[in-house]
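What follows is a set of structures for review.
Paired with subunit B in one complex and with subunit C in the other, subunit A is shared by the two complexes that follow.
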Partner chain A sequence: MLKAKVILVALGAALAVPAAMAGSTPEEDRKEAVEYFKQMFPDVPYEEYVNGQYALDEDRRSQWESLQDFPPYEFAVAEGKEMFETPFANGKTYASCFENDGIGVRQNYPYFDEKNNEVITLELAINRCREANGEQPLKYKKGNIASISAYMASTSQGKKFNIKVQDSAEAQAAYQAGKEFYYSRRGQLNFSCASCHVQNPGNWIRADLLSPALGQPSNFPVHRSKWGELGTLHRRFAGCNRNVRAEPLPAQSTEYRNLEFFLTYMSNGLPVVGPSTRP
Partner chain B sequence: MSRSTVTFGMVIALSIPLFAQAGPKDDFEKAYSQAERTHQEAGTFQWTTTSDRLKAAQEAAGAGDYDAAARLARDALELAQQSVAQQQDQKEAWRITAIGD
Partner chain C sequence: MRKTIIAMSFTTLALGAAPHVVAEPSQADIDRGKELAFSRKDGNCLACHKMDDGKLTGTIGPELVDMKTRYPDREMLFKRIWDETKFNPVTVMPPFGKHMIMSKDEINRVIDYLYTL
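And now, the complex of A and B:
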């Protein structure tokens, strides 16, 4: 515990402040972020960012690749497919709630719903679909929802994220709120998401190699060896909050949905590769 | 001895232990409610360390150890105040490291 703090404080002291070039639209932010990481990692091809920490370390990368023949999430994806295709009590299926019957649509999530002025993530859409069809909602961090989400992601493999932030004040505000969340220092250790994933990717925190912000949502849901199972993006958000001694927010809270909106927008143009594995 | 003197004496006798306990228990309750209120004020900037102290304070109070409970509640208050200061500070300071305006 104390050791972690010392390492974090040392990291904090070594922060390089990114060049705050003028940018205000989400697209300008995204382009600046791409440029920023290009300067930080000139040898990393853009498409590689979907591999998180493995884009930054060849040894880890080849070790990881050698383990991909029997991915530990395979069974969960098969279960997810079965659940996805099994009719609800009313005879309808998940397909009835989604564009293109829910196949190959993961790259369009999260999106901003202009009717209700809120960010809709894939997991939220899955649960709303259940409720609309008289079923109980699933728990958000792991289990069945992660399996269904993983199956849906698997049908989108290689499709590029295409998140839109509409011109409406509400959509812009949701994006801005997510951005503010990402850059705000939180917790007793006084770190923002950016302290680790913008200013220190490629550096180590104990046994962990920090991944860059770009491409972070691409591989979700993810099977972590630490979890021994699949987990959703919001489960990871909560863990990262907790690591700096900040009280995590509920999965699918407005704050986390806005955060996902911002973070996924930053990954526009990068492909969906989920589900994947991480330590 | 008159009846009222006896009653008076009993009240005094009964009150002594009550008075003796009123200090730390009051301290605890005051500090705890202030800490809890401040913790809520921190909104999405709450610290887990504050929550931990609040919980530990409740547990100590539950076990009747109001000295420890009051101390933990005061710790919690201090942490909660720091989290509120962080929240206030970050309203503008987050921009310093943000990519894009």
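And now, the complex of A and C:
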């Protein structure tokens, strides 16, 4: 019902923009987003947003829950653990590259590195670790990197996202760039991320139920039945770009990293629940 | 966001794509229109609109019914399918004509079909 209202209001005032995330600081954006979705879905408890579309539809939710006894990503997580613990040729392991030996740190990624002025995602950190230890980087969208990232997420389950946007002009600019990306229309079909995940969560687009922006990164990497395997967040970004007939950007491009920075900041306070499953 | 809207109003004003006045459409025109409206790679209207006997329709847009009563002015209907952002800058309906998702003729066939609903 509220969706109809949003559309009507928009038609009335030609310049109306959806009210979510129109703040002047990242924290204002986040609070507005929480408030916006609370009004849109008064019955959905805040912590439920980590479950994406399943927070919004009981039928889908119960089907999904009935499949949780044998999660299809279990094997990949075990493989990820093994790779994580296996020393590189130089004798060191991934643990040497991460705070707390890489255990229980997922909630701090991505972060803004003020030395090199760039956003560091977990997958980028994994590959940088490999390269620093003389190993070849892994491909970014699926396979080993998704397994390692899934293992690392699994050691962080329940920990709340705690992304920081420092006061520096560069950190703020990276956040703003991500936010702008989320709100910019692109592709022949002329959608922004917000067209679907801010204006229309809870609506069906053909046979797909749209999830809200809030909580979106919490369940990554994710096992999609469509993929038949685990995939990373940037694989999903590329898919959503392609669906609107926009040229997807490379995984771990500056644009996608900034986008992840913005989107994960929006989920601050929500727990890590990855890896999970989606259709 | 504001920038996008300003840019949008300049570019859309320039497009005076008028539909040609059509005679009574043939059944073939209507069938073609339905095909275009339903096909995923053309109109894909079902992604958002309930209409006719379409299955698994989305819920983003209003149901497309009574089109003749609601749109006695064919040109108005054409303009909205051509570029709905002109009428509602924050709409999520793709600008089918402006972004060359469908040609003028194709949009006219879709309208022939819509007028049977």
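We take it that the second predicted complex is superposed on the first by the 259 of 279 C-alpha atoms of A that agree within 3 Å, B and C clash if a C-alpha of one lies under 4 Å from a C-alpha of the other, contacts with A are read in each partner's own complex, and residues count from 1 in each chain.
Quick note on the criterion: a residue touches a chain if its C-beta (ideal position, glycine included) is under 8 Å from a C-beta of that chain, and two chains touch if they have at least 3 such contacts.
On a predicted model such as this, the values are computed, not experimentally measured, just so you know.
**Student:** Quick one: is A:Phe191 in contact with subunit B, with subunit C, with both, or with neither? Answer first, second, both or neither.
**Tutor:** Only subunit C is touched by A:Phe191; subunit B is not.
**Student:** First (subunit B), second (subunit C), both or neither: which does A:Tyr36 touch?
**Tutor:** In the superposition, A:Tyr36 touches subunit B alone.
**Student:** In the overlaid three-chain picture, which partner chain does A:Asn200 touch, first (subunit B) or second (subunit C), both, or neither?
**Tutor:** second
**Student:** Identify the partner contact of A:Tyr111: answer first if only subunit B is touched, second if only subunit C is, both if each is, neither if none is.
**Tutor:** neither
**Student:** Thinking of the overlay built on chain A, is A:Phe261 touched by subunit B (first), by subunit C (second), by both, or by neither?
**Tutor:** Touch status of A:Phe261: no partner.
**Student:** Going by the contact rule stated at the top, is it subunit B or subunit C that touches a larger number of residues on subunit A?
**Tutor:** B
**Student:** For A:Lys179, select first, second, both or neither according to whether it touches subunit B, subunit C, the two together, or no partner.
**Tutor:** In the superposition, A:Lys179 contacts subunit B only.
**Student:** Looking at A:Glu28 after the superposition, I want to know if it touches subunit B, subunit C, both of them or none. Which is it: first, second, both, neither?
**Tutor:** Once the two structures are laid over each other on A, A:Glu28 reaches subunit B alone.
**Student:** Taking the two structures together, which residues of subunit A meet both subunit B and subunit C?
**Tutor:** On subunit A, the overlap between the subunit B and subunit C contacts is residues 15, 17-18, 183-185, 188, 190, 195, 199.
**Student:** Which part of subunit A faces subunit C closely enough to touch in the complex?
**Tutor:** So the residues of subunit A touching subunit C come out as 3, 7, 10-11, 14-18, 183-185, 188-191, 195-196, 199-200, 203-207.
**Student:** Can you list the subunit C residues touching subunit A in their complex?
**Tutor:** So the residues of subunit C in touch with subunit A come to 1-2, 4-5, 44, 46-48, 56-60, 85, 87-92, 94-95, 99-101.
**Student:** Given the complex with subunit B, which residues does subunit A contribute to the contact?
**Tutor:** Touch list, subunit A to subunit B: 15, 17-18, 20-24, 28-29, 32-33, 36, 179-181, 183-188, 190, 192, 194-195, 198-199, 242, 245-247, 249, 255.
**Student:** Show which residues of subunit B lie in contact with subunit A when the two form their complex.
**Tutor:** Those in contact with subunit A are residues 44-51, 79, 82-83, 86, 90, 93-101.
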